[in-house]
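Shared between the two complexes below is subunit A, which pairs with subunit B and subunit C, respectively.
After this line comes the complex of A and B, so read on.
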């Protein structure tokens, strides 16, 4: 064969990134399936079959962690999507101080989650916290946001929504900007009300942004750890434990095999939820 | 003023009112708590401090545990700068080949990107790999971890931007006899400046704010990072909320400065992928 000139885009450009990604991401991910079936102390791994998984689905607090993960992910993702779209519509309607308001809504996204968690722990203090003192002036007796087992998970979800809604809003603002004003004009001439415009023009045409917001916030919600760790550490009891905090607790206790099984379950959960969702989003794609 | 303007002003004012209570109040609270005395901060109230001791609290926090916060800022800065530099370099190289050279390998690369964006890292096996390489509990290990976790986003961002750079530039450089590395380094890389700034800002904030990964992969007092100081002080400052909130204030200032100066780039980075294209 005649020797060809080498491509100006050599494959070795990919090499440094590939080496790092394969060793520190792919190898741990692939070996995790094996380690999740062992009793493991980092040096010696004894194969014990599916015992770790069996234990995971037998212990009530581990099952609760699984259920909490789902509740938490769907609440935060749903709220971020709906509130994000509404805020984006409001913040593109030409109201006063629009630019400033966008910045205010977005800024919490950039701030340390641990810092926000600690600040809200103080704000949500049952007797001295600002939130309950504020409610008291309205004649409402505020609950124990973070120390009531029935409420703790939802309070943490609220903090997460507060911190993350700005990102959803930002993505929706970019999505709204890509909709041609002609659609609104045409629908106005046809006599559509503002409500009809929102449902028939905005919602369908802002779909790429919706896909991004739902996917990002669901993955983030399912993996959520630091905000929970900074506020309740999964407590009281195990009432606000999610998979990621369960994994950390098992790791701290030295149950490396069990922690890794938790990791595999989290991976499976994300795959089971996100893959069909992505397929569904792609299949129903409308070309406009 | 016509009715439309009046309406927009009124809605703006109402929105501002809500924003003040919901979004600005918590930050004002952090600031006020940070400048109070120990006794006053323990009351958790949202009020004006009777004694204003911003400087004293600042000095106290910085001196705590033998200047731990300074060490943490030093460590966090090294990790952030190191990881972001590698992410820019390696991410651009992959994005360049991926965009310019269509081949069967690309499907594999896209599969890796999807995995990198979606799959939660397997924590304990990662520690096992790091230990095998002698990188566990080292700053280098932490940098490489942040690179591994940030690559997928970085490659995607560069790939789509490189698509807007005409191939004619590469061809011209080839005709001039430039080597592949020279084309990339001298011709392409300088043109990537806008997207590079975006990537630097977005990744720097993410890595600086990261808590979970240093918690797992970088234990040890001498390896402390900024977010972990908050966590460590949470138990130590149980009775000194003014210092705890001063610490929160100090870790909030860097993102605030970045936000003020790089607002546009942050928005570009965070909304990449929101619009079909």
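After this line comes the complex of A and C, so read on.
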């Protein structure tokens, strides 16, 4: 038990932050638990106990949405971590036009997600899109990237990776910069190859960056909505629905209580996945 | 800081001056972005401004379909609705909770001109009328390309089997038999919704039993036919190649210009062709959705959307005067002049011109014959499940078999019935 030092700041000093925290975060969180147990049409809310939760778990699309959410989150998070690290290694190696290439990789992060969604919907059009026209010149008949039920989720995940890998790269570049060059020098003297240096020096020492990238991209993937809505709207049918788009559709239909219950479930799911992960990362933390 | 104060003062002065010349009223209007809606609203507001130069309009467009439902419901609930807005009549109107959200228009003088059949579908549970009709009645059925029919020597099908036989010949001639536009998911529902004439011809009590939780889509053979039709078209591979991403306006263009032969749709699409492909308008024909019995084939009819005012809007007085005009014969004629007549209007004494487009004259005989039309289910029952458009996309894309889809839709409907607090659910 660590005894707490008295705060050097008077209470009034924290008041503005406390007011903002309570009104904008604490109160809505608590009321959302209440509304999730009501049949709510924005005008009146009738308490119906746990019926919304029962209904939500009965949603036939929910199981698929849940599965899709996990697939989507792990694919995008995994790809962003791996590609981000490789790109960061490349872009810190003193390659030609390094500064320019770094901005090129980061650029998609800055573009509006809706804009990217619209652009890729055009690029991935089955008959008029650039991707399939390009494939056609090679004699390959491209699939309907966004409207084939077996492909749609993965096409959207690809777009998400393209958009988000820049941020992962940026975090890794910062992480790589923090590794002292002496380690590389020492390992080189010991006769390590480039490959060995990467696996034995870079990967372990860049661990804090990895923790950040994995956590951020996993949370992002679990709650991702905008890119999916801008491209497939969960379709065709329900085949690229994720938890967030299922919730949004309940909200669209005017089932506000049910949609709120869905959000509470999403909150719980993210907590269940991220909390143990963070604990595990922290326990294995080694001093660098 | 100096410049900021200066410009702020200037802005205040301008605002004050604008306030002083206050005889001018600007009515805000929220409409969906369908071309026919836009041209109709432009025409009727222009006509109104010509007679009332002090009234100006600020017209804002919104998306249609489920996104539009969301916008309308949220803006009503948060008190940010425009002075006047258009929205569906029938079951979607009931889902707005009209008694709590919409102004009572029962006392509007113009209501005397409105046909009773329309008033019924904008009447709140307490018996008050909350809207005025905006646009013509629509038929839900199948647009066809007259050139393709003439070239291949086809006749208008009365039964589904004849329809599929025509499709086979069209496919053999290398044309797209059934244009499908799942890029706008709402367009996927037509085979199911437009089949309702055939459903009620086979089972006259379906609407009432369905509302009372006694009849189901999955267990009523006539009702699950619509899902089976979607499946049959997919299995025969009769759709256009880009069916998953094509949109409503693509569909209307394709059927009008002969890129495809059939397009299941509501007749308001005629206005879209008039806007986008006026030269092809004469090639656009229309027939009711074929059913199982040639002797009992008729047209499923959609009441037009209505214009509504939110409860306690700031410009309620001016807005209700405008709605009065919309419900008048002059207002009706202004809309016909602006967007053409794609169907009969619900205003007494508002006659269609003699030179209506071909597809409209194909539709009018149904209206003129007793027993050849029936209202769509959404005007007979307050329940419409919100996920129908995704479910029909699934059937039409071969993801889910028809029987399973009908059962899934029955489950979806249950949520809506509970939310509306209907008895027996």
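Rule of thumb we're sticking to: the second predicted complex is superposed on the first by the 277 of 288 C-alpha atoms of A that agree within 3 Å, B and C clash if a C-alpha of one lies under 4 Å from a C-alpha of the other, contacts with A are read in each partner's own complex, and residues count from 1 in each chain.
In the analysis below, contacts are C-beta pairs under 8 Å (C-beta built on N, C-alpha and C of every residue); 3 or more make two chains touch, one makes a residue touch a chain.
Remember, predicted model here, so these are calculated numbers, not experimental data.
Novice: In the superposition on subunit A, see if there is space for subunit B and subunit C together, and answer fit or clash.
Specialist: fit
Novice: Touch test for A:126: subunit B only (first), subunit C only (second), both, or neither?
Specialist: It touches subunit C, and subunit B stays clear.
Novice: According to the stated criteria, A:175 is in contact with first (subunit B), second (subunit C), both, or neither; which is it?
Specialist: Touch partner of A:175: subunit B, not subunit C.
Novice: Under the stated touch criterion, which partner chain does A:239 make contact with: subunit B (first), subunit C (second), both, or neither?
Specialist: Only subunit C is touched by A:239; subunit B is not.
Novice: Can A:252 be said to touch subunit B (first), subunit C (second), both, or neither?
Specialist: Touch partner of A:252: subunit C, not subunit B.
Novice: Return, as a multiple of 10 degrees, the angle whose vertex is the Cα centre of subunit A and whose sides reach the Cα centres of subunit B and subunit C.
Specialist: 80
Novice: Go through the superposed model and pick first if A:230 touches only subunit B, second if only subunit C, both, or neither.
Specialist: In the superposition, A:230 contacts subunit B only.
Novice: With both complexes overlaid on chain A, does A:31 touch subunit B (first), subunit C (second), both or neither?
Specialist: It touches subunit B, and subunit C stays clear.
Novice: Would you sort A:146 into first (subunit B), second (subunit C), both or neither based on which partner it touches?
Specialist: second
Novice: Please work out whether A:42 is in contact with subunit B alone, subunit C alone, both, or neither, and reply first, second, both or neither.
Specialist: After superposing on A, A:42 lies in contact with both subunit B and subunit C.
Novice: Figure out whether A:55 sits in contact with subunit B (first) or subunit C (second), or with both, or with neither.
Specialist: A:55: touches subunit C, not subunit B.
Novice: Between subunit B and subunit C, which one contacts more residues of subunit A in the superposed model?
Specialist: B
Novice: Closest Cα approach between subunit B and subunit C after superposing, in Å?
Specialist: 6
Novice: Once the complexes are superposed, what residues of subunit A are shared between the subunit B interface and the subunit C interface?
Specialist: Residues 42, 125, 128, 251 of subunit A touch both subunit B and subunit C.
Novice: If you look only at subunit C, which of its residues touch subunit A in the complex?
Specialist: Residue positions touching the partner: 66-67, 69-70, 73-74, 77-78, 95, 97, 100-101, 182-183, 185, 241-245, 386-387, 390-391, 393-394, 397, 399-400, 408, 411, 415-416, 418-419, 421.
Novice: State the interface residues of subunit A toward subunit B in the complex, per the touch definition above.
Specialist: Touch residues, subunit A against subunit B: 6-11, 13-14, 16-18, 20-21, 23-29, 31-32, 35, 40, 42, 90, 93-98, 100-101, 103-105, 107-116, 118-120, 122-123, 125, 128-130, 133, 162, 167, 170-175, 177-178, 208-209, 212, 219, 222-223, 225-226, 229-230, 244, 247-248, 251, 256, 259-260, 263-264, 266-267, 270-271, 274.
Novice: So in the complex, which bits of subunit A are touching subunit C?
Specialist: Touching subunit C: residues 39, 41-43, 55, 58, 60-61, 121, 125-128, 144, 146-149, 233-239, 249, 251-255, 258 of subunit A.
Novice: Where on subunit B is subunit A touching in the complex?
Specialist: 8-9, 11-13, 15-16, 19, 22-27, 29-30, 33, 43-46, 86, 89-91, 93-94, 96-98, 100-101, 105, 109, 112, 115-131, 133, 144-145, 147-149, 151, 155, 170, 174, 180, 183-184, 205, 209, 211-212, 215-216, 226-227, 230-231, 234, 241, 244-245, 247-248, 251-252, 255-256, 258-259, 263, 266-267, 270-271, 273-276
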